[in-house]
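This report refers to the structure that appears directly beneath it.
Letters A, B, C, D and E name the chains as they come in the text, with residue numbers starting at 1 for each one.
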Amino acid sequence: MMGPVDPALREALAKQFPDVFAAEGDLDPNGVVVPAALHVALAKTLKESFGFTLYVSVIATNFPTAEGETYEVATVLRNPTTAQPFWWRVRLGADPQLATLYPLFAGADWQEREQFDLVGVNFVDHPDMRRLMLSEDWEGFPLRKSYAIDTPHTPWR
Amino acid sequence: MNLRQRDRINPHLDLDTVDAAADLMALNMGPQHPSTHGVLRIKLFLDGEVIIKAVPYPGYLHRGVEKLCERLTCVQLTPIFDKHDYVAPMTNEQALNIALERMLGVEVPRRARYMRTILAELQRLASHLLWLGTFTLDIGGTIGGGASLMMYTFREREPILDVFEMLTGARFHYNTHQVGGNRHDIPDGWAAAVKTCMDQLAARMPEYEEQCVTNSVFLMRTKGIGVIETPLALELGLTGPNLRASGVDLDLRRDAPFHAYDEIKVNVAVSNGCDTHARFEVRIAEMYESIRIVRELIDNVPEGPICSLKPVRTVNQIKLPEGKQMYTAIETPRGELGTWLIGGGAEKGACPYRLKIRPPSLHAMAALPYALVGHTVSDVVAVLGSLDPIMGEVDR
Amino acid sequence: MAIDDGRSFEHPLYHYWENSPGGGIGLTTLDRLLMHSARHSLWFFPMATSCCAIEFMTAAASRVDLDQAGTIIRPTPRHCDVMVVAGTITVKMAPRVKKLWDQMPEPKWAIAMGSCAICGDFYRDIYSVVPGVDVIIPVDVYIPGCPPNADQVMVALQRLQEKIKLQLEGKFVERDLRPGTMIYPKIGTHGDARQSAEVAQAQLDGARGLGVGGKEHRVPRPAAVQAPPEADATSDSGEQS
Amino acid sequence: MIPNPWLNGLVVGGAVLAVLMTLGALASWWERKFSARLQGRVGTTILGPWGILQPFADAAKMIQKEDLIPRDADRVLFYIAPLFPVTLVLGLAAVIPFAGYWADGVWHGAAMVADVDVGVLFVLALSGLMVFPLWMAGWASNNKYSLLAAMRAVAQGVSYEIPMVLAALVPVIASGKLSVTGVIAWQAEHGWIVARLPVVGFLAFVLFYLTSLAEANRIPFDIPEAESELVGGVITEYTGIKSGLFILSEYLHTLVASAVATGMFLGGGHVPGLAGLPIWAQVVISLAAMWFKTLALFVSIYWIRWSWYRFRSDQLMELCWRYLVPGGLGLVASTAVAVSLGWV
Amino acid sequence: MVAQWIPVLVYLSLCAALSVAMFVASALLSVRGRNNTPATFDNYECGEEPDGAAWIRFHPRYYIVALVFVAFDVEAAFLFPWAVNLRGAGWLPLVDMFVFLGILLIGWAYAVRKGAIKWQ
């Protein structure tokens, strides 16, 4: 029930995105890994053809590896009639850029701004990519692993 | 002009659309303001008293909780989670512990699940009571009828907090849930106290409802104000009562059951009004429903253990599997509180690698630029109050 | 001892009274009467940010009822005597707290409610949290707890009244921690610097056009005022059809 | 009434002033206790018996508070604006007879500062002036909340002035007198307006009462204050005794407006059965009756205040112009017809 | 005639003196802060820096309300002398005034229909 990809949905999606959903590995509960190029197309298909109209969340995560910084952006949608959630992940490199979902989902506006603010993933074509939580003159992205939790911010510490 | 709300309102601070020479008054509401429910700041561009554009600025209570979660172990997290949504700490704890349990595959004993259900419903009542008080306070004024109703709702909220205190020893931040079950068992006389409390509330709720719905000024102030159309509500990710007031029949308690909700029937209140009054109606209906659920469950709590794991002794007793990611959501009084949990962080996996909280209030706040445009300054507080935001949850 | 010693405020006319014959005694009595009144009419300014705010509201509600001691909660700092900092103060919020504190008229006092306001609690080490509100304003009474129970606010009010009494009698030695030695944060602009400047200028021009207002605004309207752009200000608001 | 007009003004005026100021101060204490009782609280308890000294402590505190004038404010207007509201509101009481007696079959007013023959106009004029200090304060503060509040206050004040005048015309038409004493005397002779003019009198009374609420900025018409949206309204920037004077003036306004409504519609100090008693007894009883009626109205104003919600400003104007103004005209017309036909 | 206004004048001066006395007492007794900063004298705007002055040009609808008020208030003032002398004056003044009020009501209906009094 809480699994990310319901088999019937996967069958249907596999017709449209054979590269992504043909492999057996996509049943991994961590969610399907989708190439960045298909990010918007998948969201559009899900919204328009499969009724995933409720925008739930977007989660960016920083994974520092031996090769360098990598990022993952997970997007969660929900189908309001079946209450079924669906999520997929996009892997990004050291300079994280991903197309915005704002034209599809108005809620992506603030969510993506928040992830930009805290993790530093830049959502391309977002109309208003400002910091949301921290003040405009803040330096660094707090939720990156390289950012110390007690990074001093003058004049208090 | 049959454009959808989304298309005709630009929510962004855009220099081209707000004409600086048009003599608009730029009015800051917040961060310290009696009616912004905490430290939200809304910048209003006013033409006379009509709002041309509303730009909310959250973040004045950004406490870096997600960063803190990466440094604390799973056992230490529960008291932190109490403080996000400080009006409903109980359900916040549950959201965290369910996420951890689902990731670890831990079963929760039936008794603990029943207790959690009762606690969640009591918390929903307490939270909605506080909402009712502050909402009417916003409409009726600090010196006025709203204040009277607020005093009543705070009075009704106290017995519920007393019941919590009886169980957990704390009035506010409980720390009573743990992975695998609950920490405190039901004490003697608790069921009777809960029943007394529910009887009292059930007897008085109609009065409070009547005080609002029979008041013509209240109806004038709420009907047709702050409309959030159904497609926009879905796009924004509104959940809980706000979404149901926009005509979407979605309640995770019924549709994706957690706790003991799969064993009982939950009647979901839905309204097609999409406006402030619809949100009011939905929440009032939810309160009656919560009273019914608590009364139904309180006599039927099964016997048995309250926790399936060993009692917590050390902070890194629980270890999350590395690399596993999961989204878990439950229905709190404000809507879908989700957690995106990535296992295998510091302390050999005892800390989460990443814990993203999906707060329902943040999404509700994102609706403000759409819901406020075209209304007057007075309506800001009514709309804001009806969306029931908690800034601790918005900013985290 | 001069009556104003050790206080954060002074009475401009008091030293004339003091120096007049017999004025000293009358003045002391009057000052006691006034401070006695002030002690029993402490109006609270709720600098309420998070969890403690709820308990603070509870304190004003039926079970505790701050009104018993003559306390009213007023939303504007200009009417208030006591700032109650209830909740976590973040780096973004701190300049506003400081500014609101400054905007309160003397005599004024501050209560730090809850461990977040006292020391930052377990958010203390976090990048965006101020470790205790006494870094920026002088705190008179601390209420420990997370959050403190509502009745503790009443207790704190009584402690504050005691403190004012002791201050009046010269028995209370103030800590060397006054705003002069404290951090004075500046409010940064948040994303709309250009916007603010333009709106401010436009409004100033408007005020000049009206020929009314404060002294500094009473200057002739500049000759070369650019014509307002054609853009329709209401274009994005949508007609309420 | 003391024959020398100067002395009369000084003595009776001083007495009226003292009583009104004391009642105004006590009103704030009483309101706190009353609202507390309404809300299941206790209210002030500590200072004095039942906390009755609380308003005096508040006043003493306000007097010693620092006097801050914002840098960008219009200093002169900002400074003088608080002088007016209390003065104007107290001035309203100048033409109200707080007692009365029968002598030679004619009702005389007593305990009044001056028996002005255009008393009704005087009351309406001063009441209309009340918006000016509010506007001055709101404008001079250079605070956006104050300004919005001031604009609302002026719009509300001038709009509700009209139904108020129309409601006041009803007793004037019925009695043919423009002085408050004259109106009361006619009522003493023919019966109180609320009862004498069936339905119309009562509706006019309700209209006058509502508009008085609006003029005194009381819920549901307290738009200019509107704490929950406009923080402190016009007095946002005022500290100490200046804000205190505005707050005091509102209590006094409700008190005086109740007295005016009592005089115009409820027969003032008149109660049946006075004729034949010695004059001093008549004066004492009518004084008590007048204050009883006034305070009853006063209590009802605060009862409404603590149980109703607030209108929005546009709804308020809508209510006034769409319903109250034509309603008031209708009342005037029907009274005129009734009087012309000799029905009353 | 003038004599009846003398007590009113005396009384009004007393009232004004009361307000002034409070101001004087406040001036004598009020304190002055030693640690005032520039922020103390800023305008209060919820702790933010005010965005420009509050003195803006108002929307014309405020003036329309004022104009409608003036029209009605003058009519109301005309009603008073008529009202005082109505009793026993017969039919004619009643009809006259009804014509007058009728014209006023037509104006009112026009204003309402046009939304002139719509506040916002």
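Keep in mind that, in the parts below, a contact is a pair of C-beta atoms (placed from the backbone, for glycine too) under 8 Å apart; a residue touches a chain by one contact, two chains touch by 3 or more.
Remember, it's a predicted structure, so these values are computed and weren't measured experimentally.
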Other chains in touch with both chain A and chain D: B, C
Chains touching both chain D and chain E, listed by label: B, C
Greatest separation from chain D - chain, by CA centre: A
By number of C-beta contact pairs, the top two chains: D-E
Length of the line joining the C-alpha centres of chain B and chain E, rounded to whole Å: 45
Where chain A and chain E are represented by their mean Cα positions, the distance between them in whole Å: 58
Averaged-CA centre spacing for the pair chain D and chain C, given as whole angstrom: 34
Centre-to-centre distance between chain B and chain A (centres being mean Cα positions), rounded to whole Å: 24
Sites on chain A at which at least two other chains make contact: 130-131, 133-135, 142, 147, 149
Chain B, residues touching no fewer than two other chains: 13-14, 23-27, 31-34, 43, 47, 49-50, 59, 62, 64, 67-68, 142, 151, 155, 376, 395
Overlap residues in chain C, where contacts from two or more other chains coincide: 9, 34, 61-62, 75-76, 78, 92, 96, 100, 103, 105-107, 126-128, 190-191, 196, 199, 201-203, 206, 212-214, 217
Inter-chain touch pairs (all): A-B, A-C, B-C, B-D, B-E, C-D, C-E, D-E
In the complex with chain E, residue positions of chain C that touch it: 7-13, 30, 34, 76-78, 96-100, 102-103, 105-107, 178-180, 184, 187, 196, 199-204, 206-207, 209-210, 212-214, 217
Sites on chain B touched by chain E in the complex: 23-33, 41, 43, 47-50, 376
In the complex, chain E residues that touch chain D: 3-12, 14-16, 18-20, 22-23, 25-27, 29-33, 38, 40-46, 50, 53-55, 58, 62, 65-66, 68-69, 72-73, 76, 79-80, 83-87, 89-91, 93-94, 97-98, 101, 104-105, 108, 111-112, 117-120
Sites on chain A touched by chain B in the complex: 1-2, 4, 29-31, 53-57, 59, 61, 74, 76, 78, 80, 82-83, 85, 87, 89, 104-107, 109-111, 114, 118, 127-128, 130-135, 142-143, 147, 149
Chain C partner contacts - residues on chain E that touch it in the complex: 28-37, 39-40, 42, 44, 46-49, 51-57
